[in-house]
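In what comes next, chain A is part of two complexes: it sits with chain B in the first one and with chain C in the second one.
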Partner chain A sequence: MTGFQIPRNSLAWMLAAQTAVILPHISRMPYSTIALCFFCVLWRVMVYQGRWSYPGKWVKVLFVFFGIVGLGIGYGTFLGLDPWVGLLIMMFVLKLLEMHHKRDGYVVILLGYFVALTQFLYEQGIPYTLYMFVCVIMITAALIGLNQTRSHLRPVQTFKKASVLLLQSVPLMIVLFVLFPRISPLWTVPLQSSVARTGVTDTMTPGNIALLTQSDELAFRATFADEVPPLSKLYWRGLVLSRFDGESWTQELPALYGRLYRPDQPPPSWRDNMELLGEEVKYSILLEPTSQNWLFSLTMPEGTDKEGIGLVRDFRFYSFREIRSKLRYELTSHLNYRIDRDLHDFWRYRYTLLPVEGNPRSKRLAESIWDRSPNKQEYIRNVLRRFNREEFVYTLKPPVLGDNSIDEFLLDSKRGFCEHYAGSFVFLMRTVGIPARVVVGYQGGEYNRIGNYVEVRQFDAHAWTEVWQEGQGWVRVDPTSAVAPERIESGLEFAVEGEDTFLSNLPLSWMKYRQTLWLTEIRLQLSALSHYWDSWVVGYTPSVQMSLLARYFGDLDRKWLGMVMMSSFFSLLGVVAIFILGKRSHTLLRPIDREYLKFCQLLAKQGLPRSVGEGPLHYAARVVQTRPDLAPAMKQVTDTYVRLNYAEDQPEKTESLRKAIRVYRFRNLVTET
Partner chain B sequence: MPAIIEETIAQVGSVLLGKEHQIKLALTCLLLSGHLLIEDLPGMGKTTLSHALAKVLNLSYNRIQFTSDLLPADILGVSVYEKDSSDFKFHPGPIFSQLVLADEINRTTPKSQSALLEAMEERQVTIEGRTRPLPLPFFVIATQNPNTQAGTFPLPESQLDRFLMRIELGYPDAVAERILLKGEDRRAVLERLVPSVNVHQLQELQVEAEQVKVSEALLDYIQRLVLYTRQAPEFAYGLSPRGALALLSCSRSWAFIENRSHVVPEDVQAVLPSVVEHRLREAADFSGHGGTALAQRLLTKVDVIG
Partner chain C sequence: MPPSSAITLDQRKIFILPTKEGILFSFLIVFMVIAGINYQNSLIFALAFLLASLFMVSILHTYRNLSGLTIMAGGTLPAFAGEDAEFTVVLSRFGVRTYEALLLGWNIDLLLGADLLEDEEVKVKLFVETRVRGLMNPGRMLIQTYYPVGLFRAWSWLDLDMKTIVYPRPVPAGAIPFSESTSSDGELIQREGVDDFYGLRDYQQGDPLKHVAWKSYARTDELLTKQFAAFADRRVWLEWDFFPGMDKEARLSRLCHWVLKLDTGNDEYGLRLPGVEIAPGRGPEHREEMLKTLALFEVEQGS
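Then we have the complex of A and B:
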C-alpha cells in the first residue's frame, strides 16, 4: 500500500458522480446490492479520513462473493440485462476499496462514464439525457480533480472547469452525432423482453379494452405531411379479429391468408382487391415499443417501402420482428376505398362462422329484426337504431358477464364499452349471414398544433367492425358511434364524462387536466419537444442519417463517409501532433543547439547519452571519464559550442562546430576500424 | 580564477577544511554585496567561516550572538547621557561594522530579527530620528540552527528572501576531519591569517564580476528554470523576479570566481541550490521544507539546451 491519497476534490466528485450515476438504477437493484454500495462508499470515506484502513484481500473476496449471491437472489437469474448492469455497478463501487494508486482512480472514473451510458439502455428521454450530462460533468470533475494538487480545495471550481470543458466540446459532440457513421451493433442484448407493456392485444374479450383505457401511456405519434383529417375519421387499424369462440375474438389463422405483400416481392393476387379512392393522406408514424408485431395505419393504406414490414391479406401491417424499440415508418392512406369487392365463398363462410351453441336469445333477437327488415342495409340500420334508441349505456365500468356474454349484454345489462358493442354487432350480423369482423386499434388522438402531429395514447384504444356488402366490399361500421357519438367526435374523456371513471386510477395524470388551458399548453409544448427528440435524436438511425446527409451532400456511400470522417479525424490529430512535436524539437531550437544535439545523439549511440539537466562541460567531463580516447575531440566540440553559444552569443554561426563534429566523427571512425 | 580570489579561498580553506565549494559560494555572495545565511547544526564551522572571511578580506568584524532576550538596541546601538558634555552620546551597536556575523539568528524574537533585517535591506540605521549610514562594504552573515531545534523562531519567507544565498556546511569528509583532529587549534590558525585584499581591491573585483558576459542561450535556460517553478504542480509557488535576478547575478559572480569571461549552464547549476532552496516551498509540504528536493528537480528536469 503506497501513501498515495486521492485528492480531496477528486474523491468528493468521484463519490458524488457515482451516487448520481447509480441513482436511476436503484429501483431495479436488489436491496442487498444497494446496501453493499452504501457500505463501500462509507468505508472509502472512512479510509480518506484515516479512521479505517483499506480492506484486506479476503475481505474483498468475501464482498464480491456475497455481492454476487445477493444479485443472484435479488434478480433470480443471471440472464438478461438487469443482473449484468447490477454486477457492473457493484464492481464499480467495490473498486473504491482498492484505490491505492492514481491508476485505480482512472479506472473508477472510466467505469463511471460506462455506467452512465448503461442508463440509456433503459431510458432515452430528454430529462434523462440532461441528467446524464450533469453526471458526465461530475465524472469529468473527478477526472480533473485527480490531476490537481492538494492545494486545490474548492470542489465548485473543479466542477466549473469540467462544465466549461464539456460545454466547449458540445459543438464537436453535435458534429460527431450528425456525421459520424452509424454502425449497426455487432451484437444485441435482449432488452427487457420480459417487461409487460400495455397495448392492444390479439384477443378481444369483453373488458380488456376498457382496462387498456386506464392507461395514459403513449402509443404512437403520427406526423402528417399536409392537413390533418378530422379526428372522427382517424381510425388507426391494428388488428382484424374474425374468429369467435363464444367468449373472445381472435385473429384468423395466418395460414389461410396466404402471402404477405412486401416491398421486395411482387404483389400477391389479393392485392388487386384493393381499390383506393379519393385523396391520399401522407403521414409517418413513430411507434413506441410494443413487444408485438402489428403496426397501426389509417384506413386504407397503400403498401410500404420499409423493409421488414408486410401488408397482410386483411389490409393491415405486420412487422417481421417484434417491436422492441421505437419504430418509425412512412405511409400513404386513402380515406375512401373499396376492398374485397368480390368475396370468395370460402371467405363468406369464414366471416359468418359462429359457434353453434350459446347466446340463443341474441340469435332470436337477430332473426326478429331480420324479419322486420326489407334488406341487408335496412337490417344494419335497424340494429344500430336499436343501440341508439334503447337504453344502452357507454361505460368504462361494464358489469361482469357470464357464459352467454352477448345475450347478457344485449338483453339484460345493456352497459358496455366499445368491445361489447363491436362484438355483439358482428354477432348479430353473422347470425343472419352477413359477413362481418371486428377491427381493433385506436381511434382519434390529440392534435398537437405545435408539432403538427396527432398523439395517440392507450386510452384511445377502440374496437369497431367491418361489414361486407355486395358491390361495396368491406364497409366500416362503428356501433359505438350509435351509442356514444361523442366518443368518436371528441374522445373517450367526453363520452364518459358524467361517470368520473376516466383515468380514475391515475389521479395526477396530465391527461385529466385537458380542460385547464395553460396546463394543456405546457403539456402540448413538452410533448412536441419530446416528439422532436424522439424523431431526430433517438430516432436518428443509420437510414435517417443517410437520407439527411444525402439531402445536403448528394448521394453518398456510407463507406466513403466513414473514410472521410476517419481521415479528417486523423489528419486533425496529425496537425495537432506536428504542432506539439515541432514546437518541442525544431521551430524554437537555435541552429547551434541543433548541431550540438545531433552530436549528443552520436554519443548516445555509443552508450553515452546526455541527461536532460546536464550542461555541456559536465557532459564532456563524464564522457571523457569513460572514454579517455575521446578527450581531444570532446574538448574541441564542447569548447567550440560553449564559445559560440555562451561566450560569443552567436548561435547562427555553426560552421566551426560542424567542423569540430566532423573531426570527431572521423577520429571515431579511425578508432573503430 | 583571479589570483587574489585564489589566495583568499586558499587562506579560508586552511581554517575551514574541505569546504572549498561552500567558501566559493560565500565569496560569490560577498562579491555581490549580498547577505549570506548559513544554516547548519552547531559546531559545524559557521562562525569559523565568517571570522576567516572577515580576516582575509580585511573587513571590520563584529559578532552578535542572538539570544531570546536580545533587544533591537543591543544590535543597533543606544544613546547614553554623558555627564561631562551634559549631552546624549550615541554608542553605535555591533551592527556598525563591515562584516557582521549574526549568530543563531533564529534564536531571537521576531522584533530583534527585524531590526537586523531592516538594517540589511536599507544599509542604514535610523535611531532617534537620525539616519546613520552603515560602513561600506556591508555584509551580514547570519547563521541559523535548523528550525526543528528547540527554542527557535523561524524566519518568515519574506525575510528569508533578503538573504541572497543560503548555504549548508555539512560534515567534513574523513580526510579533512583527520587533519582537523591531528592539527592545531583552529583559533590559532585563524590568528595567523593575513588579509589578502583591501577594501579598494574588493570593490574592483565587484566591478569586474559584473563584466562577465551572459548570452541569450543562458538567459533562456534561466527563464526555463523559473518557468518550471511556476508551472510544475509540486511547487507551491514559483520563483519571483527578484529570485530570478538573484540566480542570474550569482551565476555571473560564480563564473567570475571560476575565471570565466562568460556564464555557462554549469555556473547556474552550481549556485542554483543555494539561491533557490530558501525561496521555494513544496506544494505538498506546508512546513517549509523540501526546497532541497525541489532544487534537485530543477537541476534534473529542466533541459539545459533547448
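Then we have the complex of A and C:
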C-alpha cells in the first residue's frame, strides 16, 4: 500500500505535537539538529501539499549521516544523556519523511510519547508538567486522527476527543501513581550532562559568593516539625574551608579526616567529640539538585539514618553520589553544642596554618591588636570591633583585589562581602595562633507561613567562621554581623538596601518585590504549591510511598500493595466504564417505534396522553372521540405505524411514517390557528 | 447467531482484542516504567501510568463505538456472475451516542468506512464479488472499528439475512438463430392495446378521446392525437437446444447474453428451458423474469 496518505487531521496534529514536544529541548540541541528538524517538517508539509515527493533512499542516508555528525560535533561526545535525547529527536523527525504505511504513523506517535518523556529528565516543575500534558493530548489527537475516516476534517473535534480520553485516564493514573510499588533503580543510567553545578562551591575566593547572590534560584526548602527557630539562628552549614593558599580557601584534604559517620557502619572515634546540648530541632530538607556532594544542615546535627549520606569529621554531611535530582533528608540538630573540646596538636597545627609569604601588613596588624589584647577572647572582640568601628562597608560590589587580597581589603578598600570578612577574620586569628576556619553555606531564608517551611535561595549564601577556644571547642563567629547586623537579622536585601544591587541583574525577579504585599502573598502561595508538588509528586520516592501508605494501611509488603493497586485500579475502571457506557436509555427502540412515541408526545401536549399499555388502534379511537378533527391524521399515522409494525423491517419505510406525522403536525397547526 | 434483518450490537456480539499497535504501545509503557524506576523520576512514572490508563480507557471507548449500533439489511441489487453485487446496509443510532470510523464489509481486505455523527441513519453500499449464478447470500458481514486510538479492535460478525440474485455470466454466442418453431408457426398475431406509441398528429374529428395527448394539450393548448403503429413483430424463442453438446452453465451464459441483446431491440422474446417456458414478451419486468429464471434454473444447492 505505497499510496497511503496519512489523514490530514492526523498529520496536522502530528506536526503540531512534534513542534511542541521538541520546543523545550531546543536550548540543549546543536544548531545542526534544529536545522534538520525544521527542514524535515518543511519537507513533510511539501509532500502533503503534493509539491515535493518523499526523499529517496540516498537522501535519507545523507540526512542521517548529517544528523549524527551534527550531534557528535554539537555535543562533542555520545556519552551521557543529551546526545541520546538528540538522537531520539532526530529519529522522531526523520521518520516523518518515511510515512508510507499507517504503521509508520504509529511509530512517529510512539516516538513522540517517548520524546515527551525525556523532557521530565530535565524539568519537573508544575508549568512544564502542564505543558507536557497538553503535548500528550496533541500526540493522542494525532493517534486518533490516524484512526478516523479520511472524510473527518475537524481537528478541534479530534483534540477534544483526545482531551476527554486523557482526562478520563487521569483518576486511574493517580491510583497507579500512588499505589504502584516503587523500587530502587535496576541499573545505572546515563544522566544529563548539561546541568550546571549550582550553589556554594568548595573553593572560596573573594567575589564568588557575591556572584552567587545574584541568583534567586531555590537552594532548598526546610520543613520544621515544631516551631521554626528565628531566622538569625538559621546557619545552614554546608562546607568547612580550612586551607588557605594566599588567595582562596579550600577544603581540608579528605584523607586527613578519616572515616565518615554513616548509618551502616559503627561510629568512628571522633563521634565522641560531639556534645549535643539543649533542645533538639527536627526538620526535613528538600534539596534542589546541585551536581555537588555536600548537604546542608543546621549546626549541630546528630547523625543520619539515610543511606548514601555520611557525617564528615568537620561535622557536615556528604552524599556519596552527586546530587542530580531533588533529595529529601531528615535531620535532628541541636542549636547548642560543644564540639572538639580537646583539639589534637595536629589539628591545632592544621587550623593555624598560613602561607609564609604574602599579606605582611595584615600580619603586622594582627600582632598589634594581639599586643593590645589581654587574652584570646578580648583579641576576637577587638578584631570584630575593628570591623564595626572603622568604616568597613558591606557591599555586593567590592573592588577587585590584587595578590595580597587580605591586606588590600583590611587596610585599603575596606569594602567587602561576607567572604571578605570571613576570610580575613580567619587570617587574623591564625596569625596569632588561634585555630580558626571558614564555613560556607546559607544563612536565614524566608519563612512561608502557608506551607510552614523555610525557603532558602541562592542569595542567602553566606560565609562565616568558627574559632576554637579552650574549653568551648569550636565557636561560631560571624564577622559579617559586626559590619552589617541587618544581614543576619533580616537578610541580604536589607543589608544592601542603599546601593540597589540586590538582584540587579534580575529586574523581574519576584524577590525584588517583597515589600509589595499582594505580590508577596501570591508568591508565597505559588511557592507553597510548588513545595507540595516537589514533596508529594516529584519527591514521591519509595521511602515516601512506604511511609505514606503505612500511615493508612499499616505495614504492607510489595505483594499486598500490588493487590491493593490492581483492585483499586479495576474498581475505578468500572466507575469510568459506567460513566462512558452509561447513556444508553432508548437504544433498543426501532426507528418506527421512536417516531410513533414522538407522535404520542405531541398528542400528550394537546392533553391526550396515551395510557400505559394502550394499543395504537384503541388510542386512535379514543383520540378521535374527543377530537374528531384529528381523525384523518390519526388514521394515517396509526395505519402506517401498524402496517410497518407487522411488515418487514425496512428502514426506508420509516420515512413514510415520518411523512404521516409531518402531515399531522401541519394539520394540527392549521386547526390551532 | 441466527440470521436477522436488524441487529443491535451488545456485549454478546462484540469481540475486542488489542491490535499489533496496542501490543507495541504496552511495550512502550513497560519501557517507560523501567525508565521511571532507573531514573527514580516520578513524572516519568506519571506519564507511563497516564498512557497505561489511556490504554485501558480506550478499550471502553472502542467498545462504545460499536455497542448500541443498529445494523439493518437494506436493499440489494442483482449482478451478473463475476461482477460485484451491491448490498445496502443501514446503520442507525439512537440517542446521543455517535459512532465514528466504522469499517464494514464481507471481505476483510476491502472494508468500507462509515461515520454516524450528525445523521441518525446512514446507508452504506457494499459490493461483494460474485462467482456463480444463483441466489447469493454473502454470509456473515464483518463490522469492526479501531476508533479512537487504534490500540484495540472491536468487531462483530453479523448474519443479516441478505440475498441477491446472481445472473449467469453473459457469454457472446454469435447471431441469434431464429428458432424453427417460430418461423414454422408463420402467423403474425395482430394484437390490440399493446401497440407501440409512434408519434403525434393534429387532432381530427372522430379521433378517440383516449388517444388525445392531454398532457401536451395542457402545456400548449393544441389538441394532438397520439398515433399508434401496430407492428407485426417477430417473436423470438430462446431455446435450450440451441447449444447441443454444451453443458448447462455454458448454455445459460449464452442465453443470458441474448436476453440482454434482445432487450435492446424491438423483438419480443420467450424462453424455453427443460421444464420451463416463458411466453414471449418485452420490457424491464420481462427481462427481469427471464434473467431470474436463468439464474435460478436448476441451481446447485449451496451456491
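By definition in this document, the second predicted complex is superposed on the first by the 548 of 673 C-alpha atoms of A that agree within 3 Å, B and C clash if a C-alpha of one lies under 4 Å from a C-alpha of the other, contacts with A are read in each partner's own complex, and residues count from 1 in each chain.
Here is the rule we go by: a contact is a pair of C-beta atoms (placed from the backbone, for glycine too) under 8 Å apart; a residue touches a chain by one contact, two chains touch by 3 or more.
Values in this document were obtained by computation on a predicted structure and should not be read as measured data.
Of the two partner chains, both chain B and chain C are touched by A:T149.
Of the two partner chains placed by the overlay, only chain B lies in contact with A:L597; chain C stays clear of it. When the two complexes are overlaid on their common chain A, residue A:H618 makes contact with chain B while staying clear of chain C. Contacts of A:V642 after superposition: chain B is touched, whereas chain C is not reached. In the superposition on chain A, the chain among chain B and chain C reaching more residues of chain A is C.
When the two complexes are overlaid on their common chain A, residue A:T541 makes contact with chain C while staying clear of chain B. Residues 148-151, 588-590, 648-649, 651 of chain A touch chain B in one complex and chain C in the other. Partner chain A is touched in their complex by these residues of chain C: 5-6, 8, 21, 24-25, 28, 31-35, 37-54, 56-58, 60-61, 63-64, 67-68, 70, 72, 74-75, 90, 92, 94-97, 100-101, 113-115, 120-121, 146-150.
Considering their complex, residues 213, 215-218, 233-234, 236, 261-266, 269, 283-284, 298-306 of chain B touch chain A.
Listing the residues of chain A that touch chain B in their complex gives 148-151, 588-590, 592-593, 596-597, 611-618, 642, 645-649, 651. Residues of chain A touching chain C in their complex: 103, 106, 110, 113-114, 116-117, 120-121, 124, 129, 132, 136, 140, 143-144, 146-152, 161, 165-166, 168-170, 172-173, 176-177, 180, 182-189, 325, 537-541, 573, 576-577, 580-581, 583-591, 594, 648-649, 651-652, 654.
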